[in-house]
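For reference, the structure I am asking about is given below.
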Amino acid sequence: MNSSLTVTKTATFLFVGLVIMVLSFYVNSAIAAQPIVIGGSLPLTGEFAETGKLIEKGMKFWAQEINEKGGLLGRPVEFKIYDDESNVGKAVTYAEKAITVDKVDLLFGGYPGTAARAVMPVAEKHKFVYVSMGGHMKSFEQGYTYSFGAPPLMGEWWYEGFFQWMETVPADQRPKKAAVYTMNNPVGASLTGSIQKWTKKLGIEIAIDEKYNLPLPDATPLIMKAKQLQCDMLFANGFFGDGVMMIRAAKALDYNPKAILQGIGSVVPAWIKELGKDGDYVFSGTSLFNKLNFPGNDKLNEYSKKEFKIDGYPLYFGFGYAWMQALAQGVEGSKSLDQTKIRDWLKSNKIQTIAGSMTFDDKGLPEPINFCTQIINGQVELVWPLNVQTAKPVYPKPAWK
Amino acid sequence: MLEIKGISVSYQQHRALTDVSMVVEKNDFVALIGSNGAGKSTLINAVSGLNKIDLGSIVFEEKIISNLAPDYVSSLGVIQVPEGRKLFPQMTVEENLEIGAYLPEPRKMYSRNLGKMFELFPRLKERRRQRSGSLSGGEQQMLAIARALMAQPKLLMLDEPSLGLAPIVTLEIFKILQELNQTGLSILLVSQEVLQSLNISKRGYLLENGGINLSGNSSDLLTDPRVKESYLGL
Amino acid sequence: MSLSATLTGHDIDKSFGGLKALSKFSFEVKAGEILGLIGPNGSGKTTLFNLISGLFHPDSGKIEFEGANITHESPHLIASLGVARTFQIVRPLRDLDLIENVAIAVVYGRNGISQMQVARAKAFEILEFTGLSHRARRYPGELALEDLKRLEVARALASNPKVLLLDEVFAGLNPKEISTAIELVYKIKETYRVAIIMIEHVMKAIMTACSRVIALHHGVKLCDASPMDVANHPEVIRAYLGAGYAGN
Amino acid sequence: MNSTLIIQSLISGVMMGSVYALLGVGFSLTWGVMKVINVAHATFGLLAAFFAYTALQAYGVDPLISLVVSAPLLFLIGCTLYHLLIVRITSAKAVIVSSMILTFGIAIILENLMLLLWGADPRLFTTSYTSKVIIIGPFYFQYPPVIGFLMSIVGVTLLHLFLKKTYLGKAVRAAWQQPDASQLCGINLKRISAITFGLAVSTAGAGGLGMGLLYSFEPHSHNLWLIHLFLVVIVGGVGNVLGTALAGVIVGVITGLSMAFLPYQWVNLLTFGLLMVILVVRPQGLFQSEI
Amino acid sequence: MKSDQFSSTNSNRLYQMIIPIVLVGLALFPFSEPPVYFISFVFWIFLYVCLSSSWNLIGGYAGYLSFGHVAFFGIGAYATAMFGKIFSLSVSLTLLGTIPAGLIASLIAIIVGYPCLRLRGPYFAVITLCFAFVSQLTVKNLEILGGADGLWLKTMDVSVEINRTIFYELMLALTSVTVLVSFLVGRSKFGAGLRAIKEDEEVAQTMAVNAPRLKITAFALSAFFPGVAGGIYACYLSYIHPDVVFDVNMSILQVLMALFGGASSWIGPVVGAVSLTVVNEGLSTFVKAELARIIYGCLFIVVIVFMPNGILEFFSRRTKRIDN
């Protein structure tokens, strides 16, 4: 009998504890006032920690810079960043926590695509401007008015630059047959559409079109098959781990297509750092890049060199920075923290970011922009469009040594 | 040599042994008899350190060994051949013997003792590479005894070595025990084979319901009607 | 109750690996009868209980309960027909107190009770009957072996069985406890009119309680007779005391 | 389907599977003999991989050589963990459940320690031989899987020899076949348990290194590896070292073959589905239990 | 009445008083106009209480540790989403689909449980884990179910506060029903049979407990509530993806919550789910990310080493000792 009494006691204690906690949040939120608080969540631990941490650093660099300049609207900025543990459900509640408890002034964009997809309706409901990579075209087609991709990481556009350049290659030098291997996730799915469209246009036959679920156990059979069918073009639409396996298998099997396209794997700094020479000559896309000559990139590079000891800032570092840039211009432009005003300003004005200048359409997306990158001599170079070219594309890819 | 002074053992709240005392002298051969559930195994497990005792003490060669770890008790030379033999079934005959000689002192004498065992139990020599699990019941019991002997015991305790064996095999094993005793080994034998164990032992104890009811020279016990009564309830 | 046997077994064979646990074993038991089952360790007594209660199935042979063939039925069905058993090594439900232990047997037994509250009251009666009522709210871990054996009996009784299989419920008890336990068995027989088969090593119990005794050795029936005749049967004595004793 | 592709898939399947096996044997050992499911097993492997990575990057030490340091180190860590924590739950009612929760906690702690120490970036071993290849006829043998394969053969053989040929190894087997009888022979159970656990953890180190040769790794990679562990151990039979090793190869072959015959997107599904079938049909694993 | 001495009348009265107050208090909470986050956070707590309580039916009462229970959550989410999509229903009508979704989850539990429930201990844990992976991968590979892209659901055309309040109340209702069922099962014949199975399945069988049928019933019942919860969650999130609703971490968490609180009673999972969710939230709020996870990991070690039967039993034993 005692035990059941204690049960009740324990339950009561927990309930009271919960109430106290709730109250303490109320009190906490009441104190915050002076600085502009920007809140939200990022995957700082768990599966997407790598990217999450880079975005966080990019955002923080932006804050440091703007605070040195005297802040936003004359007020210093401050972050309230939660760790969502790479869990989409948590990303949603933390966005709400930032909005309704911390009463943040602005919301920052999250990662990965699935989280962003789930947060976008929340931002919409709460009428908060949400600038992120988005979560691919489909998320922007849901009719959200407060969501922006500035710049987005748009799978549907990712190879745009590459194909535009390929169009300039004389038809007889173009690849004839392509092998397409795509990871079975939203990013992968969004890449395949443009491949279908463009290969048809360029007269490239798709000999293999296969999806795989992560983790990819082994890449050897994939490469072997591509080699046997004499595919002279390889689309490896994957992340880092599987991308690396494909490259290593391609080298081991001495498979020499004219061009290798890599999805999202080669844009992380680890690609060059870990893979070394073998990672050379893969093509990929990007919507912002450290070698672009838009204002701001040099500062970021300088900072990266000092802080991370690498030439050229990492891609997601740039994303974190660029999204904040876009948001800040909305605030400065509308001279207000009113979300609707910020949104309206962003929809009707041109903004400048490290990814170039952009204007947004109804969906909250800029004009399709995507640059074509290629890794040459251990450096990511921009090869297309011509006005930003930092190196001539190496094509066809030299044989493995 | 071994002196058990008024020990009591309980499992959870149940008392399995109450105030039991007995003595095994040097070069003694003691038979401990009693019906099922009387507490015989509990007693020798208490000596080996597998059971903890509540009261009393167990003294071996002037050393108190009650409630010490089983491996330590073994290292003093008190070796038990457990009920049901408990061989290492996936290991060969020779490996079983090797584990028998696990302690540092016996390990030094391993090859010499191995030879002796194969002399004593020639059938084990034939099957030295066989898995112990595949041996016949009698061979398993021999192996269990040989494994214990590999540890160079001063006191050998056997728990129901005749269990599930054909009478002729039991006879053979008991003969070997008698020989071992004649070479100077002290033995404490727990057995259901009342007649045979009393025949070969020097002294006997009758354990009933957790206490010693009767003790004396084996030859006297053999004719004592109380023994038969205890078994058949006549 | 008719005079026909409640539970019968015909030519039951059971081996484990190469070991023959039971061979060509037959038995029968009637309501109101106490059948004793004796034999040295490993002679196949507990195996028989496992076969009757359906935990094992025989290799050949047939077990019938009130004329129905239950040879290959599942344990819960056999139990729900009215065959209850105890376990030699007590197996109480350790995380549940005595009332719960027994009450579960009550609700799932043939009592027509499906409410736990009612079952608990009934369980308490049974605990009273078996002399455990003062420990009703204790957990098995706090009990002495004697009481755990009683609990086994109480639990078996609780399902309101027609046949009760008692596996060494006297082992490890002192003479006084044995007397009370024998009284309990009698009481059970009188009150519940069940057929009882009991495995026992304590000969005193067998001698006083049983109307008939079967002796087993290495899975073979040695004899099936009155307690006195069994105790004086030379083969039984040899099986118990070792070769040569009978002649002594 | 052509035979070259099938055989090549088989070859790489075997090599991949053998690395799973190396990672799995220790897991199988602790589960089978100690009834401890060490959910952090793969995490220790990952720790060894990160250690080797640092040694390679900072001092140019070959990953295989770093194992000389990390394996004994992991052995010590394993022994210490046993004495500090595992021993406290071995008397619990449900050791298996408790051990899973306990080691789950350890895994979380280790993962985040690695995150603190090494950051979240994916890592690869890149040495002079990582992109080399041996070509025999139409077949290709990449160095890293071949090395992993050899490591696995050496590791499993060593473990097998240890258990079968050395005094201590025999004592370990004896202790788990008959705990009571082994104590009567003078074996100290606690010490043997600690050694078993330490040993298992240090084989995890070798396995982790092997995985690092095949795949890139990050602080959370152990979650994926753990799934492979369950796979090979269940297939091979819990507690069975050689069975687990064989099961690794079988899982590898199944994966390899299904990659040759099935659309790739069904490969992982098939593997898990097959495991379910194996579990239902033969819960004791494919091989006779042997310790 | 004799039976009185077997029921804890005092605490019954206590429950009878406290529980309605707590429930009414919880139901009224959103109307005190707290920041929306708190509604969502408590919704999240309800979700976990519901998941771990329903898991407890099979895992706690019967002792069959299912590590793949998230599969039923996911199945419920997808069934509801597809129901809404196929008939292009509004959100409120889609929510009606959660009941059939729960039934589908139960049906699948029966089909899967039939062979799987013959396995015990860790084998059952592993096979259910595999089942979770199999169902996740199946959904990912099937284009009709949205494949790797996931599914979008309609959103309600109401303000955030109302939207969140609706889901809050729905989840509160579901959770109350789940806990009530768990409570009733705990006191019923059915629950008693499950306990017997947990303690000793063989003995239970000899007590006429039809173990196979009871286990499968418990498994089906314990799949129903996650199925419904999955449906509500899908509508709440308005976007579902196999990685989100079949997340194995969720599966492991609901097991840990139940064991953490104490799996032998109905209140254990409730206490476990509430405390772990609150602690985790507190850690994420006040401690640096990695450190928070490390402390979280330590929590499991401390609990298992010092309170092997869950916090509830630990505290009740302790007070017992003090009372004595």
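As written, the chains take the letters A, B, C, D and E, and residue 1 is the first residue of each chain.
What we mean here is this: contacts are C-beta pairs under 8 Å (C-beta built on N, C-alpha and C of every residue); 3 or more make two chains touch, one makes a residue touch a chain.
As the structure is a computational prediction, the values presented were derived from the model and not from experiment.
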Chains touching both chain B and chain E, listed by label: C, D
Count of contact steps on the shortest path from chain A to chain E: 1
Two chains joined by the most C-beta pairs in contact, as defined above: A-E
Distance-maximising chain from chain B - centres being C-alpha averages: A
Chain whose average C-alpha position is farthest from chain C's own: A
Gap in Å, rounded to a whole number, between the CA centres of chain C and chain B: 32
Distance between chain centroids, defined by C-alpha means - chain A, chain B (Å): 74
Gap in Å, rounded to a whole number, between the CA centres of chain C and chain A: 72
Shared-contact residues (touching 2 or more other chains) in chain B: none
Sequence positions of chain A contacting 2 or more other chains: 45, 184, 211, 213
Touching two or more other chains - residues of chain D: 112, 115, 265, 268-269
All touching chain pairs, where touch follows the definition stated at the start: A-D, A-E, B-C, B-D, C-E, D-E
Sites on chain D touched by chain B in the complex: 167, 170-171, 173-174, 177-178, 180-189, 290-291
Residues of chain B defined as touching chain D within the complex: 48-50, 69-71, 74-75, 79-80, 82, 86-91, 95, 98-100, 102-103, 107, 147-148, 151
Contact set on chain E toward chain D in their complex: 65, 115-116, 118-119, 121-123, 125-127, 129-131, 133-134, 137-138, 140-141, 252, 256, 259, 290-291, 293-294, 296-301, 303-305, 308-309
Residues on chain D engaged by chain E in the complex (per definition of touch): 31, 37, 85, 88-89, 92-93, 96-98, 100-102, 104-109, 111-113, 115-116, 227, 230, 234, 265-266, 268-269, 272-273, 275-276, 279-280, 283
Contact set on chain E toward chain C in their complex: 2-3, 5-7, 187-189, 192-193, 195-196, 198-200, 202-211, 264
